[in-house]
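Structures follow.
Look at the two complexes coming up: subunit A is in both, with subunit B in one and subunit C in the other.
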Partner chain A sequence: MEKTTAGLDNFIAISVPLTGYSRVALLATGMATDYYHAVRRIIGDDRMDDFLAVTADILQHTHDKAPALDREIRQQLLASLQYGPVTRNIIQLWYWGAWLPLPDAWIAKYGKGVKGNENHFISPAAYQQGLIWQAMGSHPEGSKQPGFGSWSIAPLS
Partner chain B sequence: METNQLISGIRHRLVRSGEPTLTDFNKITTLDSLRKHLQVAIELEHSTIPPYLFALYSIRENTNEVAARIIKGVVMEEMLHMILACNILNAVDGRPDISHPGFIPEYPTYLPHSNQSFEVNLQKFSRPAIETFLKIEKPSGKGAPPEADRYASIGQFYEAILDGMERLQAKGNIFTGKASRQITPEQFYGGGGGVVVVHDLASAHEAIAEIVGQGEGIDGTIEDSDHLLFGEEVEYAHYFRFNEIHEERYYRPTDTPKSGPTGAKLPVAWDQVHPVKENIKMKDFKKGTEEWGMMYQFNKSYCDMLRALHDTVNGDKEKLREAVIMMYDLKYQALGLMNIPIGNGLHAAPSFEYVK
Partner chain C sequence: MENKEYDVVIVGSGIAGAIVAKTLTQAGKQVLLLEAGLEAGMAFDTDGAYKNYQEYLRSYYLALAKVPNAPYPDVKDAESPNVLDMTQINGKPDTKGYFVQNGPLPFASDYARAAGGTTLHWLGTCLRMLPNDFKMHTEYGQAVDWPIDYEYLKPYYEMAEREIGVSCDVQEQHYPNMGGDFFGKDYVFPMYKIPQSYIDKHFIEGLNGLKVSLNGDVYVPWCTSTPQGRNSTPNEKYRYAGTGWNATKKKLEMQPFPKRSEVYEPVGAIWDPYAGQRCEGNASCVPICPVQAKYNALKTLKSAKKEHLTLMSQTVATEIQIDSSTGNITGVAYKQYPQADSKEYVSGIAKGKIYVLAANAIENAKLLLASDACKTSDQVGRNLMDHMVLLTWGLMKEKVFPFRGPGSTTNIPTFRDGSFRKQHAAWISPIDNWGWGWPTGSPDTDLDHAVSTLNLFGNDLKNYLGDLLSRQLLLHFECEQLPEKSNRVTISKKYLDNIGNYRPVIDYNVSDYTKKAFKASKSVSDQIFAGMGVQDFTSYPSNEPDYTTYDGQGYVFRGAGHVVGTHCMGTTAKNSVVNRDQQAWDHKNLFLVGAGNMATLGTSNPTLTLAALSFAAAENVLKALK
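Now for the complex of A and B:
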């Protein structure tokens, strides 16, 4: 249990700089646990633990501060053949609620034991809670209705 | 067996007034006093909304669908009641004030001007919460006197207002407010029941009948007043709808207040609720933390919404649309807060506090 909680905390901690949203804003979506378990389920415990170890190390030695943090994320995560696709998928999860298939090249090299790597929404709630809607000052179509005539006035925030 | 009064065709007056039991001490005898009491009425109607919303939003998504629908229906009607009270106050040329710092009660609170027999908390959906809601909506009972102050039921309070209006109107027309300040049915879409435009004693009666009838039911039945006033389908008054949740059983049309609900089982999952902190306050968090910021943002939005409503009922009717949009946004903010763990197994929640 302890390990799971620590893993989730690490997952949320790295998700903050990856998404540009605060920890509390991410928790407010109610999706953190579901996304964490989804990534773990798809890429497997070993890959997930590797990934979280690397991200924890980045956060620690950059003291969670830009610009060092920004540089390290670009170099160690986004530019990495191993971690890049997973990192991008986590960003996609938060913004869009859906898992995108990891590339064939990645699967060939690192994908042993990967399950459920097809394009899918994590849950109906994941679609509704995507950060993309907040980011563009809109709302998920068919959900979280903003009220009649809301399109006629400037966004509230 | 009790006869159903609706079926047997007996129609009671929705509101009794001018009963001799009203003492001079708590009679409403001046226009100024009437306006003050109507302002209290607005605050009274509003004071029930945060606790109902708090409990409603604490229910986990896709669970307790019937209970959530019941609470949502009631809270929408409370919003209507607040607007109806504003219409009455505007009709007697008063000025509703719904943006002053004391407008939102500090929870836990007694209902404004009540006899202080119970406190209302911001608490999650639970049996104790529903028990408080039942107390809020409790019918006065036949023959309960009107009470302008220290009332035991909301119905008594409104009867005192109606009694005052009748007495004052007998001395000269009190309905001198501008018609342009009334909120009209066209503006009030999707709300519970109908907006009544108030311009004389009869329409004031109708507005109060709507408020009291929806809350407590018509004398001796479990039905609310909408089907009489607006030809709507029979719907049960707030007290009885809450009682369905409490008893985990539906009423049947032939049930009476005495019989209690005898219909099918109403499933309630009391554990499918966010573990939110009761009567939470901004000061529970260190200023400047992300959690504090989100609490503050909710309160800021809530107060901005009240300020937009204030403008709406003070002549700037176009502001209602903006206020409604803010209400939707508030819901999503409240749901977000309830997802945030704050330690000790508890989650954050909206605190409904006044901020500038």
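Now for the complex of A and C:
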């Protein structure tokens, strides 16, 4: 139980620099727990624990501060054959709500026990909470409607 | 049920069938309506209607490709075509989807076989056709003239605008060659226009004064707010409560509000009249309006007179039966399936005095062909048309914030008519409010590109997306297709569905008349983009399903969802399937309704016209029943 909470905290902590959204903004989507469990469910406990260990380490020794943090995210996560695809998927999960299939090469090397790797929205709510809509000054198409005539002026935020 | 004879049997509960059902039942006629779609879609009680619609919405949220049919159940016993099934055709028929596509190019539009029909996922643009659209042969030496003209249709357009609930400011509507009395003195629409988008405002400003050359002529293109079937602020000057049958005059009439103080009330969701009284800006009209601020045919069906209407769902009409001595129709054979995808079904025959086919252009044609009906002209299934949509896209200089509001709120009507129609197709250009969604799959494809290829993350990613997605501009050039004999729907015993009914087999191509319009409209687009400083990102890859070339240039067109022309209206039994009354030449008690009757396409989206025609057809049925 404790491990899960710590894992979730780590997951959210690394998601902040990965997405460019604050911890509060990420929590406000209401999706953090679901995404955390979804990734764990798909890539399995071992891979998830590895990933969280690396990210915790990055956050700790960079003191969660750019530019060191950015460099470490690039070098240790995005450039890594093991962690790169998972990292990119987590970014896209936050922005769009859907899981993308991990590439075949990744599956062949690291994918023992991977389950449910097909392209899918985590839930209807995941689609509705995608950060991409905020990023473009809009709202998810088909949800959180901003009201009559709102489209005729620039977004207020 | 099988033994009862109704006044009228209708096949299909889309807008065409629903208008006929509503008009006839309100005039006191007994109507049986057969609908191929699921029973759940027919629920009109508050709970049932809401629950079913929430299921549609859930499917939409979860769908990876949010294509028009994504929210709606695809039932094997009454399949719907899906744009995702479209591929390039290389020599042999493509049988992957519901359509059997013979090509050479795939037919690019779909429809929904569910209660309410394709208006569930239409956009709602409600333009009238122009006077010259009805006389293409006389004016431009192209195709055919209709047996009716704009003046004939005008009162029915008003009925259709009332039924759909069209929002529009009449004084802003300027079209080429519209004549001095296009709308009639003092005419107003039920509701004021839907506010034009922030993109529109920038676009209109950018376009202002720009001169465009086309075939040696100079045009100054202008923009017009688009009439739409979605709810806006009621216009207090609007005076009509509805449409009714005047039995004495034997005529359909618009009925004024009984009291002067009454005003038009927007028609809300079928589960709650107060939901959806205004368009709330969900920006998902295609494929689904969550609050039903956008019109769909369930609204019309709900307002039919219940005591006179018998609905049979999960009931697929398979054949009309013909008395060979009189040519009269004696029944509609159907198969009723107990649940979705079942191989089993119960057969039956529905009987009425008059029969109305309203299953949409392709399904109507299929039914007629399966029944060996309307054979004299050899026109059934032929002249299949759609608007062939050339898209162009780019980045505006400033942020215009697309992905908000209804799909399109403004159009360029300048090229809807003109003497160039002697040489090439006319077109209308809606300005799209949803970024590059249609051609490139934005916004998630942009996200994937940014993360996977550009290696962006964090604030860089957020800023990149914020900039790219808020500057996306998309223009449509919806080019007219002429009626051609070889663009056609046929049937074959080789291609049957889950319960042994025919699948549509389609032969389809684009002629030079329309290709010339691709070239011309692309040149107009280039001039507009250059004049406005739009960074052009348009590309027409040769591996797209509807890739074609003209004059050394490649083009990709897309379907508009405007399925038109398979049982055209005409002047004689030899040149057409129905007469000007929409009655089959060969079968006096058979009426065909829907866009299949349209002799030519023009540049307006067809539904307002087919709705107007459906009122006219209902009037003719009422006259025939007397």
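In this section, the second predicted complex is superposed on the first by the 157 of 157 C-alpha atoms of A that agree within 3 Å, B and C clash if a C-alpha of one lies under 4 Å from a C-alpha of the other, contacts with A are read in each partner's own complex, and residues count from 1 in each chain.
Throughout what follows, a contact is a pair of C-beta atoms (placed from the backbone, for glycine too) under 8 Å apart; a residue touches a chain by one contact, two chains touch by 3 or more.
These numbers come from a predicted model, not from an experiment.
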Subunit A as common anchor, with subunit B and subunit C clashing or fitting: fit
Touched partner set for A:W96, first subunit B, second subunit C, both or neither: second
Partner chain(s) touched by A:V24 [first = subunit B, second = subunit C, both, neither]: first
First, second, both or neither for A:P146, with subunit B first and subunit C second: both
Touching partner for A:R88 - first (subunit B), second (subunit C), both, neither: second
First (subunit B), second (subunit C), both or neither touched by A:A108: neither
Subunit B versus subunit C, judged by how many residues of subunit A each one touches: C
Touched partner set for A:Y127, first subunit B, second subunit C, both or neither: second
Least Cα gap, in Å, left between subunit B and subunit C after the two complexes are fitted on chain A: 6
Overlap of the subunit B and subunit C footprints on subunit A, listed as residue numbers: 145-150, 152-153
Complex interface listing, subunit B residues touching subunit A: 61, 189-190, 290-291, 293-294, 301, 321-322, 324-329, 332, 335-337, 339-341
Touching residues (chain side subunit C, partner subunit A) in the complex: 57-58, 60-62, 64, 66, 195-198, 200-201, 232, 278-284, 288, 290-291, 399, 401-406, 409, 433-434, 443-444, 447-448, 451-452, 455, 457-463, 465-466, 469-470
Touching residues (chain side subunit A, partner subunit C) in the complex: 17-21, 70, 73-74, 78, 87-88, 91-92, 95-96, 98, 100, 119-121, 123-124, 127-128, 131-133, 135-139, 141-143, 145-155
Residues of subunit A that touch subunit B when the two form their complex: 22-25, 27-30, 125, 144-150, 152-153, 156-157
